[in-house]
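A, B, C, D and E label the chains in the order they appear, each numbered from 1.
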Amino acid sequence: MSDLVWLIPLFPLIGCALNGLIGRRWPEKIIGWIGSAAVGASFVVAASIFLELLGMDPGSRSVETNIYTWILSGQLNVPIGFLVDPLSVVMMMVVSGVGCIIHVYSIGYMAGEVGFRRYFTYLNLFVFAMLTLVSANNFLLMFVGWEGVGLCSYLLIGYYYEKKSASDAGKKAFVVNRVGDFGFLIGILLIFVTFGTLNFTGVFAAAPDKLTHGGTLVTLITLLLFVGATGKSAQIPLYTWLPDAMEGPTPVSALIHAATMVTAGVYMVSRLSLLYAMAPVSMTVVAVIGGATAVYAATIGITQFDIKRVLAYSTISQLGYMFMACGVGAFASGIFHLMTHAFFKALLFMAAGSVMHALSGELDMRYMGGLRKKLPYTHLTYIFGTLAIAGIFPFAGFFSKDEILFFAFERHWAFWALGAIAAIMTSFYMFRSVFMTFYGESRVTPEAAKHLHESPPIMTIPLVILAILSLVGGLVGIPIFAGLNRFGDFLAPVFAPAQAILHGAHAEAGHHEITLELGLLAVSLAIAIGGFFLARWMYITDPSVPDKVISEYPDLHEMVYHKYWVDEIYDVLFVNSIVRFSRFLWKAFDDAVIDGIVNGVAGAMRGWARGLRRVQTGLVKDYALSILFGVLLVIGYLVLR
Amino acid sequence: MIPVPEVNLGGILPALVLCIAGLVVIGAGLFVPRGKLTYTALISLVGIIIAFMANSHLRYMNQSAFAGLVVLDPYGWFLNIVILTAVGLTILMSVRYLADEGMQLYEYFVLLLFASAGMMFMVSANHLLMIFVGLETLSISIYILAGIRPGKPRSQEAALKYLLLGGFASGIFLYGAALLYGSAGSLSLPVLAEYCQKWDMSLMAKAGMGLLLVGFGFKIAVVPFHMWTPDVYEGAPTPITAYMSVGVKAAAFAAFARVFFESFVGVEVSWAIILWVIAAVTMIVGNVAALVQENIKRMLAYSSIAHAGYILIGMVAGREAGVSALLYYLLAYTFTNLGAFAVVVLVGRKGEANVMIDDYRGLAKAHPLLALAMAIFLFSLAGIPPTAGFVGKFSIFTAAVKAGYIWLVIIGVLTSAVSVFYYFRVVMKMYMEVPDTEPSALQFAPGTVVALVIAAVGVVYIGIFPTVYLNLAAESVKTLF
Amino acid sequence: MKELIFYALGAVTLASAFLVVLLRRPLHNVLFMILTMIGLAGLFVSLHAEFIAMVQLIVYAGAVMVLFLFVIMLLNLDQLHTQEGPRGLRWWAGALIAVSVAGLIVLGFKYLAPRPIPPMERIAGINNTALLGRELFTTYLLPFEVASILLLAAIIGAVILIRKQS
Amino acid sequence: MESSSFPWLSFIVFVPLVGALLLLFLDRRYHTLLRWVALVTMLADLVGGIVVYWMFDTSSGAMQLSEFHRWVPSWGIAYKLGIDGISLFLIMLTVLLGPIVILASWKDIQNRVKEFLVCLLVLQTGMIGVFLSMDLFLFYVFWEVMLIPMYLLIGVWGNPARKLYAAIKFVLYTIVGSLLMLAAILVLYFMAGQATGVYTFDLLKLYDFHVPLQAQFWMFLAFFLAFAIKVPMFPFHTWLPDAHTEAPTVGSVVLAAVLLKMGTYGFVRFAIPLFPNAAIDATWWISVLAVIGIIYGAWVAMVQVDVKRLVAFSSVSHLGFVMLGMFSFTMQGVQGSILQMINHGLSTGALFLIVGIIYERRHTRLIADFGGISKVMPAFAVFFMIFTLSSIGLPGLNGFVGEFLILLGTFRVHPWYAVIAASGVIFAAVYMLWMFQRVMFGKITNPKNLGLKDLSAREVVVLLPLLAFVVWIGVYPDTFLKPMEPAVKKFIERVETKRAAVIKIENARKLTVTNSGLKLTLSGRGLTTDR
Amino acid sequence: MVPLQNYLILSAALFTLGVIGVMVRRNLIVILMCLELMLNAVNLTFIAFARYLGSMEGQIFVLFIMVVAAAEVAVGLAIAVAIFRQKGSININDINLMKW
């Protein structure tokens, strides 16, 4: 079965081709269902492979299948090949599963859009690229998927291409990603030069003797790759594209900018856990960046009013969590959180989308409020998502997040602190969004209010499914009691080598005293609930508080509200300066200097020519003179020499 | 009893034929009514064709005749071909021109024939006296031809300038000859050679050599003896300009090469360096000055100066390679330049109108084939393959590199890059610009068209299949060394 | 004795040639030119080139210079002798260059090996003219004939150049 | 040498010329007839090319299908053709583009159609000839021959504003370089001749001659100038934007797709193998120039206001990659750079076609005049997008494979060049996407753009083959890498061995002080034996 | 006996005078005369050498020079007359329609 893994990316590609090439005349329904079915099929295959893996014994749960040689040049030999192991299977299931749900949701959400077909073509293309990314068995193919998803995100963000902001956002996303990919690419080159191969298995096999633990080389490699990760997964300093990416249709935000693509970085880091484990410095960097991002993004999230932007920043913050997990060596927990996050963040986005849908495109929470009556399902599911992300027991987020916090604490209490701060802020702004949207008195603009309606079942059903998933999704990996953490155990073989390096031979994950674990659980639960009450107090009990706070610290609020002016700084620092410099080069160097010289030579020639004309006076005596002058020179040379 | 000199009329037959043809034309001129130039032209052409045949047997000769005044060898044979081609094409393109210009003069042909005869004597001369007589025969004929357009100040001015400066130059030439005579005791080239080899030249002889060099330098129009060229070429009747630019150049170069390589052997270094400098300066001045010319005849005049520079490289390079390259170049240049001037004649209007480069605007639209021909000639002048001009330049440069004159070659290639600008400028006018006035239709005179076709075919043919001609040139110079 | 003749003739020739260049009236130029010719003829005689000397007198002094004179009269040029302008930079430059060229050449004469002058007998048993004639019609036959062509061309040329525009 | 029964190489070289001659005899008024004749000729050429490809033995790196005829025996000049893995795909590209340009110009060119087609056909002959010549003289002839039709294409059918300037600039730039190369060729000819005794322009024979170091330096410099101008490398590039901008669409297409490759091809076929030491000594500064070109081209392209100019500068950037890879002298680098020649030919050629298509409709090339085009021309938008992506090296399309190989090959020998060059990838994305956005996205501001027609069947036919290859190379580059591998291996080996040999000789010479180096003196005669 | 040098120097002087005359005089006729002067100087040289070498060649050469000189003068004067008809002047400085 697992040798049919190539079917998984193939199905979406087929769907994409069908819709894209011959789907011009088809009705929306067909197009939509073809798209969804394609992804669904991939899910089925992935699931069956998963079951097959379960059947095998943990040691041998890693199967490679090469389709054909892609690039062969000298000793460079890159196959189109796939790697099936617990990690990739999990990713495939998440991607195809969530992807399928979102496809279905889109059928309803995008109904009647002009570019309906274009939308589904891109979406399928994206799933194809994403699946390639997670199933590739070598760096270069992974890079193909890596850039592929970037392209699709560019296309989908710019879906409403007539909106300048949209196409700008798309471009920004692609370029910023390119900056990351630049690092990634160099990393790949360095790996090839070091190992002479680009296959994961080959690299991992050779790593111990090719690299020294904590050596410069491995550190360099891992850091370069991490640059790629920061780009794709919107970490400091390359996160700026993600908030703007909300210009795309909401399902896109749900699929690409919450559930799947942005997690590619996390997947990559954990895929290379071995290398990272060998480079403590890089680990620390990853952890620090992750933690910092988690807090930083959360602070911005608190002040935003655009519901999708709130979610976007929360996504960045959650991704920070995952990286922190990887950074502290808890790769499994990172992936675990990745999965749960996929569930509830997708849910939240789609719920938000349904709200938009209901309010005919309104995104500003200041014009919402009291919607829970009108939009019962949406309301309920959104609550579920919020509870999950805030980490309320027994929702999915609770387990994954606490696992991360625990390991962070084990590594160093500071990381735990960061996580905790992020957590409280998260739960605060999430509940804030809940209250501002669904509670309090309605601030909906009248004309929006006119046709205010709950979304059709085609949209609500996916919501419900995801709501359920975000409720029970965490149960597959209950951390405390060893043995119950099936998820961790399932992934364990993948990370075993890394763990071995990290804490020597003896210890492995999940071996620690219960009391501490429980204590931390309690604390974080408290934090979550604290966030809830704070939000409730500020937005339900006494809505005037926020303004008071703002007027208390206006500058602070300004700064945070404007995302610390990072975009502006970047513009000044890089964009404008380069553009201005390029203009200078064009005008001052290309036109002035080079062409100046070229035309100058021509001009000089003409000048001499005119001079020579003047000599040609037309007077015989002058001509005779010049002849005589010639005589003088010739004779002079001959006689006096 | 006076010893009877051995008279070998067979050897000088081609020249003789031309002289006779000239006399016949004079005779015919008395009977053929003016305005019926076609007949006289035909007579001349027949004479030329006969001369061609009479020439053929020279190829296998190598002997001196007339008490060693002339030498009959393939070298002369090859140049006779060049000269006959030149005069033939010139006569072909002249008929209509004369009609247009309203000068029905059979003397025109007579003088052309005499001039050609003079050239032939010059190229096969083996004695400075013979060279001098031949040279003056052709010069005086050309003086007259240059000024033959009745009551046209420009034409007269051209004739006058050419005559005065020509006289000046031959004065210098003769003085040089005199000094050499004083040193060597005789002016026959073998004797001079003997002198140069036996003793190292006295200062006086060196001075004489220098003056001789100047004399030739004037005829081949190299800097700084070139200044008459643009004026004379502009003022003279276009066919005569064409004839001058190829015929006179060819003959002068031939004699030049013969004298210097046959007589001044062993002292090449001393004059080669002078020629090196002259060649370099000539290429630069000729090409640069041509950049800003507006009158196409004047532009071609400067271009011919530049080409004299290239040909001179052949002499600098010296020996078989150099001189054979020189001969091939002369042949290629004859076809090319005559072709170009044939176009100028065709495009030209009565009273030498339409000789501005701007008058060629839009020619490609009005007369595509004519423009194509002109383009071919210009490309050949610029030395762009696959034309005769390219092979010519190539062989010249090859010889120079062979002799180690890299810098001269570099100057050569750079200057020909410059030349591309003004040659392509004409192409540009023809193909890429539109005339501000609708051009009146040209009438294609059969003679001119024939000349044009011959030239065009020649340029392309000996450009693509140069082997035969290169070998011929190589053979012809064997006897020189 | 011979020296005396040489210097006398030389002085006359040179002086008159100088005046040819200097004087402004064409008529004077012609006259002094003729004087130059005569002086040269004398020198030729002193060099045992009697025939040449004769030709010099007849052809040059006689025919050619008379032709000049004729043209000057015909065109009545003698009146407009004012056309000669002041002697500018060109004048001096030209003179300087010419003189220096001559200087260089004369420099060459210094090193001439003094040759013993062959007596006339060495040249020929018979007189100079006869010898010249023989040489001309045997060895130099061809150029002699070519010269006829040259003259013919010159005649034709003179005719068609001089004629009025038809 | 083996020689095939039927001279296929000559066939593909001269079929276009025959077509051109045929056209000369047809009446200039029957445009359609003329066009069909030209098209059929080009198709015949394409068929010939396919036959050649089919007869080509991919396992050998030697010259194949060679043809040899004496031309000027006295000078050792011969008509000698041959093809190997390096030239194979350049030939394929050229013959593929043949019919495409004819089709592309079908509606575009309406005045002096006959001359136009003749120019295209002659140009085709010249270009194929350059790629196939195995004799320096022959090569030079073709090299110059194809100059003239290109000059006419720009000058006659270019857009009136600055066409004359652009045309003459193009010619002069090229001529200066190539004439110096001619001088160098002659010097090489005699050096080899005097050393070995056989005077020949035969490339393969000259390969075996070891040029002394100092001489190598000068000659390489001359060759470098000629080819670097053609490529064009960084400081010599300014003719390119003008030529591209002023030329008619197909002119730009041919110029970008094939003519520029002659420069790079010249390096790999002539300059480097003939003068390996000089080439390897020059690696560092050539690489520096290449890297500068990559970044510089990208940056300047970014701020262009004219689509064609933008694409032109992008060419400067892309060909910087090609040069960089070539001078890494590694398997991946060289293979990558050859592949990248093809890629650039396909994608940039296609981009010029694309630009031409809207230019034909709107008669402007200014980015500012467009915007929102994808609304009215969706199919066009798709093609445009794909070629844009291929040009910015998106994985899965052709550009990526080439660039990656080049970067890899370069990284192995000098990492820093590779790193800086890789940053060019970012800027490529910036300027291309920005241009794409400004042209295709946004609302239609300019009413003129409202009525634009989408692609016609002909235009689709023109673009499809290019698209097919763009994807093919991206997905399965092996088809292209495998045949060139032996030739490239041979190239690298030749460079290495020859270099070593020359160094040995030089050391030997140093011991015995008989220095027969070039005397670049005034009265040198350093080379003559007959004195 | 008069040494050869004297003749040579004399002729050189004459030649120089002729050259200078050609360059500085403006009257066309006079310039032609100066050309004649140059040729005569050459003649003197030839004759002198002929005498001192004891060979006939020089004298022969002189004959031909005279012939040519005569021819040149004929043509030159013809042109001069034609030009005078055209513009009523034979000032060489007025004769520069064509320049540059």
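The rule is simple: contacts are C-beta pairs under 8 Å (C-beta built on N, C-alpha and C of every residue); 3 or more make two chains touch, one makes a residue touch a chain.
Since the model is a prediction, treat every value here as computed from it, not as a measurement.
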Partner chains that chain A and chain B have in common: C, D, E
Higher-contact pair (C-beta pairs counted), C-E versus A-C: C-E
Central subunit by CA centre of mass proxy: D
Chain whose mean Cα position lies farthest from chain A: C
Approximate Å spacing (C-alpha centroids) for the pair chain C, chain D: 70
Approximate Å spacing (C-alpha centroids) for the pair chain A, chain E: 98
Intercentroid distance (Cα basis), chain C paired with chain B, Å: 31
Chain A and chain D: spacing of chain centres that average the CA atoms, whole Å: 39
Residues of chain B whose C-beta touches two or more other chains: 129, 133, 136, 140, 143-144, 147, 151, 159-161, 164, 168, 179, 182, 203, 206-207, 230-231, 273, 421
Chain D, residues touching no fewer than two other chains: 172
Residue list for chain A, restricted to those that touch at least two other chains: 602, 613, 616, 618, 620-622, 624-625, 628-629, 631, 635, 639
Chains grouped in pairs wherever the two touch, ordered by label: A-B, A-C, A-D, A-E, B-C, B-D, B-E, C-E
Complex contact set, residues of chain A against chain D: 68-76, 140, 143-144, 146-148, 151, 154, 158, 161-162, 164, 167-168, 170-171, 174-175, 178-179, 181-182, 185-186, 189-190, 192-193, 578-579, 581-583, 585-586, 590, 594-595, 598, 602
Touching residues on chain C, where the partner in the complex is chain B: 104-105, 107-112, 134, 137-143, 146-147, 149-150, 152-154, 156-157, 159-161, 163-166
Touch list for chain A against partner chain C, complex: 621-622, 624-625, 628-629, 631-632, 635-636, 639-640
Touch list for chain D against partner chain B, complex: 28, 71-75, 112, 115, 140-141, 144-145, 147-148, 151-152, 155-156, 163-164, 167-168, 171-172, 175-176, 179-180, 182-183, 186-187, 189-190, 518-528, 530-531
Contact footprint of chain B on chain A as seen in their complex: 602, 605-606, 608-610, 612-613, 615-616, 618, 620, 622-624, 626-627, 629-631, 634-635, 637-639, 641
